[in-house]
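What follows is a pair of complexes built around subunit A, which joins subunit B in one and subunit C in the other.
And then the complex of A and B:
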């Protein structure tokens, strides 16, 4: 059987993923997380009497701690299944990727296990984040003069 | 490559399953099940799997009241790198050991090798065994286990458990009648979340090869069962055989991956997979069921490695067929 003919059979019987539905769920879930963050931000501003910028740092830290704890409890991956990328794209996804890698390799020890593998998934974000920040920084310097 | 055997019999078999398999429709048929988490009181998932495999072998010997020195050969394989689980599980048994790997078709390869040794009268008995563990397989082939990533509906769920079988030249009521060694088949699919589709052509070619070389019709068998194609791969296999060879096996065909779990209720997506999947279903359920007098077991394996897929390679796959008959 030719490869193309076979691919037709495979496509016929493989269930289609509902991309639009998943995108809407992600959009709403990500948005809700944004609303929650804004709420935290206001609360920190009000209760701790912090300026908005410093309160923002505290919000990020809170989300990281929350995502890491939920990962360790085995809840976060279940939530991702429900809310799709809405939880993976924000900072919660970054924290989740590091915590899950650390948990995964804890049995191989601190150096060859956790140390070598903690950035297994998050390394992508760091590397390409730094590279794109550099490129956009240069673009901004050239066009807007800094 | 189809062989018939004259004096290879199944003396006994032992199956151990994890909690998801216990909750499935075949839960009551396993010799032993674990209810707790997948660590099974061990330090790591890999060690839990080693424990499972060793336990399946030890319990089989105990039930048969055999000493380790009574066994001529043990053949085992699993999904871990360097088939480490088998190596460590069999360490200390002091039984001659052959390690085999054919991904999820490993148990078929083990049975074929053992049957050939026994049939040619080089040895009198052999143990074949395999295992898989959901978490240790996920860790090796996919993302960290706790990492929540989107999974497609066509993805499969690696079964947790171990299975062992004692083959012997002394007559019992279960005979390994014949086997067909499959060829590697690759139709350029590369989606690890749809391995049923990658493996279906291998299974189809082996089934066709087996039936034609023995001059049999598919109705000769009470059941033809593939390893772990899942609910979509199953349909693809039926369609493939119909289109290419005009062969209809839909009336007496099923897939072990869809039998091991209730795919509508359990969170297993398209069904079960892993080397132990076909072994659990056939050893614990099919070979003890009086309904099935002639069974063709066709475990299927995807012979890829994550490294090769990252290098833009496709998924080669294989399937071997083993015919088991009830004799008087």
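And then the complex of A and C:
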């Protein structure tokens, strides 16, 4: 059998995901999460008498804690399958990647398991964040002077 | 009105990410890295601050805000100390998020078993 024929057969039997439907699902899920966190921010502002900036940090922390616990319970993977990128792009995805890689390599021990693998997925967010800060920061200092 | 902007902005980012994920061979790791760089880039010209003003928490939640906060902390310290301040202040604003994520991941990994 030729390679092309094989490819055709594979394409025929691969389930086609509805691209637009997935995108709309993530739009709505991400949007709802945004609305929920704005609501949470206002609740923190009112109840804890915090300024907006500090309660913004608190909202991020709450989402991280929530996502980590849901990941450990195994619920988060089910939710990601349903809501796709709506949960990966918000900070919940960051917390999920850390907790899931820590859990996954738990069997290999505390140091070579959890220790060396905890940043396996989240590391590239931090790495490229820092690299881009140095590039953009130096450019901004040179051009705008701070 | 902030709720509407929060919905639209946060949803829009997820929409774009899902389109990239479905139409290219990039993994979620590629996309989150890309979005962090975009967030940092938008903050260089102060655009992201304006988005935060309108969309509130809807702009703080996506991973783009991570890049934005990194640049923000770095530039604040750079204003005081010059180029050296860039390294001093880089994690000033994001340290809370990273620390909590690390401690939660560690504690949960100790007490829970992986589920497949």
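The working rule: the second predicted complex is superposed on the first by the 132 of 146 C-alpha atoms of A that agree within 3 Å, B and C clash if a C-alpha of one lies under 4 Å from a C-alpha of the other, contacts with A are read in each partner's own complex, and residues count from 1 in each chain.
The criterion applied here is as follows: a residue touches a chain if its C-beta (ideal position, glycine included) is under 8 Å from a C-beta of that chain, and two chains touch if they have at least 3 such contacts.
Keep in mind the model is a prediction, meaning the values are calculated, not measured.
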Superposed partners subunit B and subunit C on subunit A - clash or fit: fit
First, second, both or neither for A:71, with subunit B first and subunit C second: both
Subunit C versus subunit B, contacts on subunit A by residue: C
First, second, both or neither for A:46, with subunit B first and subunit C second: neither
Partner chain in contact with A:121 - subunit B first, subunit C second, else both or neither: both
Partner chain(s) touched by A:10 [first = subunit B, second = subunit C, both, neither]: first
Subunit B versus subunit C as contact partner of A:99, first or second or both or neither: both
Touched partner set for A:81, first subunit B, second subunit C, both or neither: first
Gap in Å between nearest CA atoms once subunit C and subunit B share a frame through chain A: 5
Common interface positions of subunit A, toward subunit B and toward subunit C: 17, 22, 71-72, 74, 77, 84-85, 88, 97, 99, 101, 103-104, 121
Complex contact set, residues of subunit B against subunit A: 43-44, 46, 139, 143-154, 187-189, 194, 197, 201, 232, 235-236, 239-240, 243-244
Residue ranges of subunit C touching subunit A (in the complex, touch as defined): 2-3, 6-15, 17-19, 21-23, 28-29, 31-33, 35-37, 40-41, 43-44, 55-58, 60-63, 65-67, 70-71, 74-75, 78-79, 82-83, 86, 90, 93, 96-98, 100-102, 104-106, 108-109, 111-115
Subunit C-touching residues of subunit A, taken from the complex the two chains share: 17, 19, 22-35, 37-41, 56-57, 59-61, 63-65, 68-69, 71-74, 77, 84-86, 88-91, 93-95, 97-99, 101-104, 106, 114, 118, 121-122, 124-130, 132-134, 136-141, 146
Parts of subunit A lying in touch with subunit B, wherever the complex brings them together: 1, 3, 5-7, 9-10, 12-15, 17, 22, 71-72, 74, 76-81, 84-85, 87-88, 96-97, 99-101, 103-105, 107, 120-121
